[in-house]
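Below are two complexes that have chain A in common, paired first with chain B and then with chain C.
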Partner chain A sequence: MNPEHCVIIGNGPAANEAALTLRGESRDLRITVIGQEPVRHYKAYLLPEYVSGKLAEDDLYVNPPADHRERDIKLRLGQKVETVSFDTREIILDHKEVVRFDSLIVAVGGIPRIPERLQVFSDLFLALKTLADARIWKQKLKDAETILMVGGDLTSLSFTKALLAMGKRVIFMINEDSFWPLRFDDEIRSQVTERLTAKGVEVLNRRTIKGLAGISENEVEIETDAEKLSVNAVGAFFGLVPNVKFLARSGLHIDRGILVDDYLRTRFAGVYAAGDCAQVYHPELRDYWVSIGYKNAWNLGKIAALNLIGGKIRAQAVAQSIFRVGGIAVNTSWWTEF
Partner chain B sequence: MTCKNLVTNEQPSTEKRAGGVVYSADPADFAYARVNIPCQEACPAYTDIPAYIRCAYERRYGRSYEINRSVNLFPGVLGRICSRPCESKCRHGERELGDPVGICHIKRAASDFKGPGRIHGETIASSPGKTVCVIGAGPAGLAAAHDLSTIGFDVTVLEAFDEPGGMLRYGIPEFRLPRNVLKQEIDTILRFGVKLRTGIRVGTDVAMEELLFRFDAVLVAAGCYVSRKLDVPGENLPGVSSGLAFVVDANARRAPVIGDDVLVIGAGFSAFDCARSALRLGARNVSLCIRATEEDLRVTEDEIFETKREGITIRSLVVSRRILGNGKVEGVEFLRTGPGDRLPNGRRHITPIEGSEFVIPADSVIVAIGQGAEPIPSPGETDRRGVLTADPGTFRTSVRQLYAAGDFMTGPTTVIESIAAGRRAAEQIARDLTGKRFREWAIRIEEARLTDRERSWDFIPRVEMPAVLPVQDRLHPPDRQVEIGFSDEEAFEEAKRCYLCYLHYEIDIDRCIYCRYCIDVAPRDCIKLVQEVVTDEQGAITGFVETNEWGRVSAVAIDNSRCIRCGACVRVCPMDCISVSKVQKVERLLHPWGDT
Partner chain C sequence: MTVEVCGMAGDGTIAAGGLINEAMSLGGFSVLGFDSYPAEIRGFGRCVTRSRIGSEEIVALADRTQVLISLDDEQSISRVPFLVDNGGVIFDNNPSGYREETKSLAAKLEPGISLFGMPLGDLATGASGTVRGRNLTALGAFTAIFGVPPDLFRKAISDKFTSKGKAVLEANLKSFNAGLRYAEEKFKDRATPVFDVRNKLGSGKRVMLSGNQAIAKAALDAGLKLYFGYPITPATPIMEYLAKQLPQRGGRVMQMEDEISSIGAVLGSYYAGARAMTATSGPGFALMTELITHGVMAEIPAVILNAQRGGPSTGLPTKTEQSDLHAAVFGGPGDSGRIVIAPTNVEECYAMTVKSFQLAEKYQTPVIVLTDFYLDNRVENLASPAASSEEKADWNMYPHDSTRGKYWRYASTESGISPRALPGTEGFIYTATGLEHTERGTPDYSPENHMMMSAKRYRKIMGALADLPSPVEFSSGRELEVGVIGWGSTFGSVLEAVNTAAERGLRVGALKITSIFPFHADVIRSFMNRCGHVLIPELNYSGQLANLIGHLHNKDVIRLNMVTGVPFSPSTILFEIENLVGAGT
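Right, the complex of A and B next:
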């Protein structure tokens, strides 16, 4: 008889912790991890330091290359899932291969969010979510002197710090979209402005972008309601949204993320969601929440795996905790509004 | 071609015309069209979509407009506001094939570029000497009036509002539907002598009994103008309005008073119209509150995107519990909801989560959760609300010569559904009054050749509708049309993407040498080695029994429901045994004086 096949879609902290937990609990299970990026699991939060040259690429990787093989976990990298059929329990990859599963953990994480009103300019924005993004930034920064940061999130602050360390001129535009999904009130605005200014960042407050135009390979012109700017690159940091569009109409309940119960179960037996793509109702918050951050994802991946093999562990929102980055307080433990 | 011939070689009932054109009434051929031209089948009015897109590609916009108008009557209107059931069935949107063709946007291009002097051809008939009164000048009523007038009936339309159009005029904001476009198409509909009387409310200004006495038939197509209520405490507080009242006031230029923080409760097109109109009337923060998820919304993805782009927030999985305020609205208390299974009516079952109460402050609340028909004093059977009931198949009420159609009969539907219903009701009334049929649907089959479509066109990305940007420029003036419309070049590029599913590819089994070159070049599993063709009792193909055992192969068959009409098989066939024909579901005026 064939062993039960558990497939994990995703290759981030939730996915990998789920795979390791499953293997730790069961030697018989056949485990496959399907990742879209063509590289093994790395610490995305270190990407700013990789871009600045402080860390080498090898410093980013979590495990040695042979780790999954030695644990008998099949790692399929660079493979995009096109859709999932829960009736037939099949995953369809974009090269048309069909992968059967008995149980499934979806841990695909998030993708950079661009507010709808700015999506028309998406081609001119650079993100810093993946290693591929980081490589683009490294190349770009060889010739770039002035960088405009729009939006604002945890990554943008550490990246700003890295850019300043590289001697770059950084302009930070703060408006109502900044530090989403935090409520960006006047107090936070002045706190952020003060800290950034003290670090040598030029802060533009309450600007609305009216247009962006690529003037050349190395120049972008930005028109706001107050001025015209010319910079070498524009970094967009508007937070992340669950990467679940490929599951639309699959039958899963999807709101912003995949709706799961306290045990991270979806509406299909044996199918779980964990990490930044799962959305859970929390009675104390009286709201749904989606975790962000490496530690939360790691924890949820573990819970999903343990529940999949018979556990009964509730995924509870971590009490509101404040991360301090560069002296600026940012809540990353959970967020409730999108 | 008929599917039936492929299987049984039986001759269907057909009518041959000159030029190799055949009109078929064979149910098998209707079944073929139903499966293989999914866009046309999804359109309630059965608009011949491949045909009009092909005309747009050929830059024959006038003809493209006429193909539309012949069945849906309002191409310029629908090109802007149709709910696009066709696009969700477009084969180009199937998994691995990309995005659906922008069918609706091409329709608008046909309207925009047809030329101002376009003369609308129409076959008309002499008068059978019958009079019909249509109550309501909305899409259903106007469609019925049009069809009856073109076959010679003396038609009078009574409209309660000051101007015709119904929800098209009073429900849809001008930023989505410019009134000059609406006026032009209504004028064209009324041109065959339809008498329009506005400002007349049946039951108040004239009694139904009198209409039944004066006219040979009366059709009630009065739409839905009673707002559904939330039935929660606080609903009567000042600052709370119904979505219907809000849009009617806004569209009648009686600008409703709106606050800074607006909550719109509802999930349909009307709710979206309310939210976007509120923004244009000066609201600062507008939120749409929906019971289920965005995925469950019945509006188009474009609508959701544009709404968000204008800065409107969609708050999902919430249900209102009570409206708060002291002398005026101050906010709404909601409960979170959990989604359940989908109900038979397509809506999502939701479960409120007890103990999840929370409040969203607001100074205006618009409730847009649906409408119902307003009871009209009338003889005849009614439902429990007092609204006249009718048979959905015949549109007849329990009173002879009294009919009901459109949203009045069914509850709120889409514009295209209303138009189709109005037209069907007109045909039924004409038959009942004269004993004759005036229009019928047939399958038109014509020999065709390969088109100039190139395989590379299948990979052209969908051309998005250009819209006014930046967003701030949309809001002033508030009636500024948001969607700009395709340019000629954009329409041409998008039209290239259509597979032209009305083309039918068929292998002549008698000449086929089973070389299988066609299978080798097929871009997907559309050509099959079949052991048996499965048909239903009408002879329509319902499936193929495929085989890999050479000894069992009885035919090489093209599965037209999988075929993307690339033509590669025709080009590669060494025996030239693959034929192409054009199959269209068309409506025909039977005879200027009807056909018994």
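Right, the complex of A and C next:
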């Protein structure tokens, strides 16, 4: 008889912790991790320090290259899931391969969000979500002196810190869209502005971008409702949105992420979601919450794995890190680290 | 960098591999390419081409592959274990149907491998109207991803397809360009983890030749007049090449009914004074054996190319092996000493084939050139070889006119070489026979005569050592912990292994032997006795060279024998060297 096949879609902290937990609990299970990025699991929150040169690429990786193989976990990198059929328990990869599963954990994380009104300029924005993004930034910063940061999520703050350490001039533009799904209120905005200014950042509050133009490889002009700017690069940091578009027709319930109960179960038996792509029901709040940050994702991955093999563990938001915004509870570490 | 192309027969795999070799050669790289393909007819089975490309001289295939170009995923799965940990795979991500995980190439890859999926078939169809150009599309992708100047490939494509007409050439160029453009755009931000060829371009014009082509070209340059043969893998390409070229130089190629008639015709031609040769493989060589000994006995020159393949009998027709050494040296009835030489690379295939005509004429005996499937089919780019006028000269020792009317064809001279008159020369009539004979050629079975004539023939053969290349040593000349003796196509792997071991600080050396019989016993013995261990890697089961020369050493030689049908990898030999050094300390 073939062993039960558990597939984990994603290769971030939730996915990898789920895989390691499953292997730790079950020797017989066949485990496959499918990640779209062509690199093994790394600490994405350290990317700013990699860009600044403080860390080498090897410092980012979580496990040695052969770690998964030694644990008999099949790691498939650079391979994209096209669709999932829960009726036939099949995953279709974009190179027309059919992968059959008995159980599934979706832990695909998020992708950078660009507010709708700015999407027309998206080619001129640089993100810092992946190692590939970081490599582009490293190249860009060889010739760039002035960087405009738009948005205001956690990455933008740590990246600003790295840019300052590199001696770059940083202009920071904050508006109400800055950190989805948060909306900055006056108190938060003032806190952030104060901290940034103290570090030598030029903060532009309540600006609306009217237009962007790429003048050359190394120059972008920005027109706001208050001024015109010329910078060498523009970083867009508006938070992440769950990367679940490929599941839109799968029958999973999706709102801002994949809706799961407090045991991280989706509506399909044996199918779980964890990490940034999950929207978790909180029975006491009687509402859903989303998770942000490496440690939270790691924790949810572990819980999903334990529940998949018969556990009964509730995923609970950590009280001091919850922010309720627009009916959504956000569980995150905060930016006081900056 | 080693690049592999893998597909089903009919996918254009071999053509794609050939274009890689040609293009990289045009770029000034050293190239060694080798194809393997099924024994069956076209349309079945797996084809694999391997191209090793470097800015320094390549002497062997590498163990591992940096880039795999898959034209058939199911077939390419077998090549995955050979990929380096950070290799790259170019494959068709939009095949005609869905495939299960068990048959998916992508499912078998380790996480460090970079995947470059692209719709090869769609791109080729869109560009040229036919899916057949998907091999060219893949080459376009290879060019873009690894930074090879596209014009190298365009030139190679033009050279290959111009003779097939403008439409065919344009279709292939369009398919290539489609893959190039797609990959330039799609993979522009992908850092490639493999060897970057972009800064390795050298200069210097080279020609790309396979071992078989070098042999055929050498035969032409040496003044071959007549070729007789019967098709057999892996020797057939020699006849194909000569069938096109030899008539243009006034010669003839004749396909005979079998190998017996082929060698018979070669002996007949040479008897009459016309340079002739045949090429065969193990099974055909076995059929020739009796007539080869006839050449020995009647002292008639002949050039016989034995392209070894897996045996015995029909064996493994498309797999390489070095297991005909005993047959070449000893095969046949009686004490029939003959000259056996074995080139170790394509350049030597040329040089030793030229040499074989000289030896055959001078020593009036069959000369056997031993190659093998790997050497015959591998391609190398080398400076265009040419034969000197001395090498092309008539080496026959004609009788002095003073002996007219009193000519002894088999006179027992000091060297054993008897002046040879061509039939029809007035005053030099003689009997040539396979029976034992007197110095005049008259049959004679007396003990004294047989002793004398056997000694004369062996004196002649052993005297050929003066004209046979001496073994070449590659070492620092000091006392060696391990000495490795190699022959034939295996020697390249021996040399690479020894060089690597030396770089690691081991006292090792390599000895290349190309003169298999007679062999330079003194040189070999001297080398052996400076070595703590003597290792002889061979692609045969019984250690046939070790059997021949092992007695020269003052202790047992170490045999390393493989009959897997594939060439020796340098790492296998290196592993054994390091084991021996470890055992000796």
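The criterion applied here is as follows: the second predicted complex is superposed on the first by the 315 of 338 C-alpha atoms of A that agree within 3 Å, B and C clash if a C-alpha of one lies under 4 Å from a C-alpha of the other, contacts with A are read in each partner's own complex, and residues count from 1 in each chain.
In this section, a residue touches a chain if its C-beta (ideal position, glycine included) is under 8 Å from a C-beta of that chain, and two chains touch if they have at least 3 such contacts.
The structure displayed is predicted, hence computed values, not measured ones.
**Student:** Clash or fit: chain B and chain C on chain A?
**Tutor:** Verdict on chain A: chain B and chain C fit.
**Student:** Which partner does A:Y61 reach: the first (chain B), the second (chain C), both, or neither?
**Tutor:** neither
**Student:** Should A:K210 be classified as contacting the first partner (chain B), the second (chain C), both, or neither?
**Tutor:** In the superposition, A:K210 touches chain B alone.
**Student:** Can A:Y45 be said to touch chain B (first), chain C (second), both, or neither?
**Tutor:** A:Y45: touches no partner chain.
**Student:** Touching A:H253 in the superposition: chain B (first), chain C (second), both, neither?
**Tutor:** Touch status of A:H253: first partner only.
**Student:** Give one of first, second, both or neither to describe whether A:K96 is in contact with chain B, with chain C, with both, or with none.
**Tutor:** both
**Student:** Per the contact definition in the header, classify A:F268: touching chain B only (first), chain C only (second), both, or neither.
**Tutor:** Neither partner.
**Student:** May I ask you to decide whether A:L75 touches chain B, chain C, both, or neither, giving the answer as first, second, both or neither?
**Tutor:** The second partner, chain C, only.
**Student:** Does the superposition put A:T83 against chain B (first), chain C (second), both, or neither?
**Tutor:** So A:T83 only meets chain B here.
**Student:** Looking at the overlay, what does A:Y294 touch: chain B (first), chain C (second), both, or neither?
**Tutor:** It touches nothing on chain B or chain C.
**Student:** Rounded to the nearest angstrom, what is the minimum C-alpha distance from chain B to chain C in the superposition?
**Tutor:** Least C-alpha distance: 5 Å.
**Student:** From the superposed pair, tell me which chain A residues show up as contacts to chain B and also as contacts to chain C.
**Tutor:** Shared contact residues on chain A: 92, 96.
**Student:** Any idea which chain C residues touch chain A in the complex?
**Tutor:** 85, 91, 93-95, 97-101, 104, 106-107, 109-112, 114-115, 117, 189-191
**Student:** For the complex, give me every residue of chain A touching chain C.
**Tutor:** For chain A paired with chain C, touching residues are 38, 40, 65, 68-69, 74-79, 92-100, 132, 135-136.
**Student:** How about chain A: which of its residues touch chain B in the complex?
**Tutor:** 82-83, 92, 96, 116-117, 119-120, 208, 210-211, 248-249, 253-256, 259, 281, 283, 286-288
**Student:** List the residues on chain B that touch chain A in their complex, please.
**Tutor:** Chain B reaches chain A through residues 95-96, 293-295, 305, 308-311, 316-317, 336, 338-339, 353, 355-358, 469-472.
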